[in-house]
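One chain, subunit A, appears in both complexes that follow, with subunit B as partner in the first and subunit C in the second.
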Partner chain A sequence: MIKFLLKGLIRDRHRSLFPILSISIGVTLTVLMQAWVTGILGDMIDFNARFTTGHTKVITRAYSENMQQMASDLAIVGVDELTDDLEKEFPNMNWINRIRFGGLIDIPDESGITKSQGPVVGWGINILTDNGSDIERMNLQKAMRAGKIPTKSGEILMSDELAEKLNVKVGDDATFLGSTMFGSMAMQNFVIVGIVHFGTTALDKGAIIIDFKDAQEVLNMENATSEILGYLPSGKYNNELASEIANDFNSKYSNSEDEFSPKMLTLSEQNDLKSMLEYMDSIIGIIIFVFIFAMSIVLWNIGLIGGLRRYGEIGLRLAIGESKGAVYRKMIYESVLIGLFGSLFGTIIGLGFSYLLQTKGLDLSSMMQNTSMMIQSVYRAKITPLTFYIGFIPGLFSTIIGTALAGIGIYKRQTAQLFRELEN
Partner chain B sequence: MANSIITITNMKKQYPEGKGKFTALDDINLSINSGEFTGIVGPSGSGKTTLLNIIGSLDVPTEGEVITLGESIGKLTHRKAAKLRNKNIGFIFQTYNLLPVYSVYENVEFPLLLLKMSASKRKKAVLDALEWLGLTDKIKSRPGQLSGGECQRVAVARAMVKLPEIVLADEPTANLDAENAHNILKMMSKLNKELNTTFLFSTHDEKVIQYLTRQILLKDGKVVG
Partner chain C sequence: MKKILILILMTIVFINAQTPSAEMILEKIDENMTSENQVVTSKMIIHGRRASRIIESKSWSVGDSKNFTEYLSPAREQGTKMLKIDDNLWIYTPSTDRIIKISGHMLKQSVMGSDLSYEDMMESQELTENYDAKVTGTTVIDEVNCWVINLIGKVDNLAYHKRKIWVDKNKYIPLREELYAKNGKLLKRMELKDIKNINGRWYPTKMIFKDMLKRGQGTEFVIDDIKFDQNIPEYKFSKAGLKR
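So, the complex of A and B:
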């Protein structure tokens, strides 16, 4: 009997091929969407963590009020002591210093007269300091478009768009003009040794990158920094863990009366990333919900049409002495089979596309010209354990639910009623 | 005494209709003996299908008693009714009701799959049934490739293959031309004589009537002769 029914299932494309195709398409889309959303948002979060927010970040309360200002007069003083404390309290975390500052860059010609000039955002990162830990963190090697990474004090990198605007090349001199931590004039000559491109508009438009120690010197920030970034040992952001650490730190070190006391923020408390994180969770929830809902309805209809097409068969099976329950049960078994195949194909195809998007990525930089948000311009999918079953399970269940719904009509009807319909 | 295999006493069948009830069959008293070739004759809407369905345990009487092969139809559970049909009753439908994705052979084999029968016995039974109906050369065809007359012969073979006690045929010739109608009736009549299978038809086809050994006239749900 089972063999007989399987034969029918395979031969009747309305019952096998078409449902399997529609389930596969739905599952593929779900898998792809999940991997895509996870990839993009995950990259975005990782990118933010590496470049600006850390997994946690220590700043002064005053600095936190208006971080965009990058005001060096609101810096943390006594960094060495604070870093020691942090390392003692949270020994597994990775703590690094960073100074971000604003100012002007001035390019002189041979005679020393200004050739071009423009506003810049300065990044004082660990290139020579701390064994050059930011070289890897900020992926400097990959960002290099020309020249080399600074190897000694006084050497800087410049973003490619700015270099083009100012008409400078590797080896040119540049003068930085700004204000020190104490509000006096800061002025320093540098040599541009490299041109960089990060693929993020915020950094590529107008940035200079200098060693952290150089930044401290220029801005007169002895034993001071604007930010201390903390990274979790896993290298991946975990909101609960980060919040725990931040709460712990703030209860011990932060003082709401003192605006220069330090304060620890988690990644999600910066750059509106909280909404991004929530968005990621909810969007995945929505995908699953919409999928199950839509697919159940589609499959219900396929089931209904299939059921109508099969009135003859069902009536006959009742007539030859199969009970209604047995007929209904076998319909469900068939749907399990169809659901399994459809979900399996869909998951495999979805994973295939996701893998392509994970390795190749999609470059949308031309569409992102004007954004100053900290986002990457190459979009990649990310396959996670969830990717393997996010489509599979709903695919299977919606098939079964769809068939069950369609079958109830048959089950509930009087046998005789089925026969009447069969005659027409 | 003749061997009665269907006995109906004071049977009434009502269907709910709006707020009231519609009486499809009323005060039916009948007895059908083993080996009869009987027709229930009446115009459309007279209750023929309803009567056959109740006798075949696909439906239940509202009042009175229907005993088929010793079982009281109104008292059977779903499973027991299914079992009764499975073992002892063959159905033939006006619209043949063959399964389009299966071959002639498979269509005829289908009822045997529910009966726990060995593969070799099954094969013999199917080939025998196909031979009785002259379908041996159509074994591999699909119903879509057959004429109406051939389709109904397959349906008869399917009803006969398990050698049931009773075959219930609901207007089996309604969709056939005269030649095919005569043909199929001759075959069924022959099977009735050779295998002593009881046949019960419903019909309003004049051509059928000449083959019947007994007629039951039905009008507006009542037996009138």
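So, the complex of A and C:
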């Protein structure tokens, strides 16, 4: 029967071409949207995890009240002991210390007089410590635009836009000015050994990266850190697992009476990422629903027009004895075939576009000149296993629903009038 | 009846005659507290959220325009120097061996973690130039009779738009000061205590500063030694002096 239906569809292009085209376009859009949304949101979450939030983050309760201030006076003290405890309690997690701080960077001229000055956000990360684990995590090798990664204490990396603004190059000296953990003036000379481009405007505009130990030294944070980030062994964020770990930790270590007691937050509890995760979960469903709804109406219309065009054919089939149910069912079978072909073509085209966006990406940096959010400026789609079959769900459902609605008209035909209608 | 009315009027006139103008009170404060120059050895006791710490320093100043401060302890701060000339502020640390000008948003930062900002240090004490002053009443603080003076900024870009000062009626010494933002929010509070007569001047030797936007118990500024009208060499107020 499939062969018979296929022959009918191929020979009568009015029945196949336009519906297949419509479905292909819709499925292409669905596939592309799914890959695009998954890519953008996934990248955002991954980017935040690697740079700021971790999958979990341990901070003091006081620090958590206003994390954006990066107040080093509210840091965790006794960090070596706490990290040991974390490693014992949650051995599968990767725990790393980070210090985030704000201040001013001052560039001297040959005589030591200020040549240029600007505000900076600083990151004390594991470059020389912990086998340089943050070099890979923060993609520093790829981000390098000039120079090299620090190999000894007193060396820093500077973001490219800041370097341009301050008119500095690799090898120049820079003095950091800020506040120590105790509020005193922190002043330290560094040598700029590398210029980096992170691909996020908030960082590229004004960031310096130094080794964690250097940050501890400059900010007078002996055995202290502002944050301990935890990463799940899979490398992928799992909200359920992260929440379980955070709850376990908080029940043992956090004390609401002590503002300097540690507190563990999950990724979703930081940077408003909870809503983003929920949005990510629901957006795919919304896309499919909207597509099924819209395409069903389009295909219902196509079905109605087709029904009018095939009025005579259906009337004849009914007149020669084919039951209304059989005609209706065959129309549904036809729609399944049309849906399958449309979905297949649409998926292939959608995958092609998605692959292009996955490899090339879309650079929106010019639209994000003034953003201070931790988001990347090049957006990429991401092809996942779901991308390969998601288009078939709306592709098939919309054609079946559309045909089923249009085909109801068959049951309204009066057998007694069929021949009279055919005579006309 | 007529006599009573005259008596009341006379009393009012007498009381008003007893209340000097705000400008006059402020001038008297300046006369008492301002000297040609002064050398102060002091300590700042900063009561932070976590712990308290003491920073010792020595300052040389000429009027409001020039000030040179050298930090004496603790070890991490030792040798750090600050130079203020008019509206400019430079800082020097021996570890960097660099002189850096503090400007822009850095001026709003706290000095050594205290409740004072660099901006506070830069501020001119000549209040009558920048504020419209008015005596609004009298009160008693620690059994001392005080005038209450309200000052409202008459120029833009002031760190504090409104000030309220409680001044000792007899010694012409401010005993308390509150600093407000333009929206009326109380930003800082100062209390001046342990008033001593030093070389014929009444001078507070203990000041307690509280940044109301900051948690913590405030900063005590205790004067250990103060000398007026000293012979301060001019190089002290030069950038070269910072590296000496």
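Just a few scattered comments:
Keep in mind that, in the parts below, the second predicted complex is superposed on the first by the 407 of 424 C-alpha atoms of A that agree within 3 Å, B and C clash if a C-alpha of one lies under 4 Å from a C-alpha of the other, contacts with A are read in each partner's own complex, and residues count from 1 in each chain.
Please note the rule applied: a contact is a pair of C-beta atoms (placed from the backbone, for glycine too) under 8 Å apart; a residue touches a chain by one contact, two chains touch by 3 or more.
These numbers were taken from a predicted model, which means no experiment stands behind them.
By the touch criterion stated above, A:276 is placed in contact with neither subunit B nor subunit C. Applying the stated contact rule after C-alpha superposition, one finds that A:21 touches neither subunit B nor subunit C.
Of the two partner chains placed by the overlay, neither subunit B nor subunit C lies in contact with A:348.
Looking at the shared chain after the overlay, A:104 reaches subunit C, while subunit B stays out of its contact range. Applying the stated contact rule after C-alpha superposition, one finds that A:74 touches subunit C and leaves subunit B untouched.
In the overlay built on the shared chain, the residue A:202 is in contact with neither subunit B nor subunit C. In the superposition on chain A, A:185 contacts subunit C only, with no contact to subunit B.
After overlaying the two complexes on the shared chain, residue contacts for A:324 are found with subunit B alone; subunit C is out of touch. Shared contact residues on subunit A (touching subunit B in one structure, subunit C in the other): none found. Those residues of subunit A whose C-beta lies close enough to touch subunit B in the complex are 1, 4, 7-8, 11-12, 312-313, 315-316, 318-326, 414-416, 419-420, 422-423.
For subunit B in complex with subunit A, the residues that touch the partner chain are 49-50, 53, 56, 58-59, 78-79, 82-87, 89, 91, 93-95, 97-99, 101-102, 106, 109-111, 113-114, 170.
Of all residues in subunit A, those touching subunit C in their complex are 62, 73-74, 104, 106, 108, 112-114, 117, 119, 175, 177, 179-180, 182-185, 187-189, 220, 259-260. The touching residues of subunit C, counted against subunit A in their complex, run 46, 48-50, 53, 55, 76-77, 80, 91, 93, 95-106, 109-110, 112-114.
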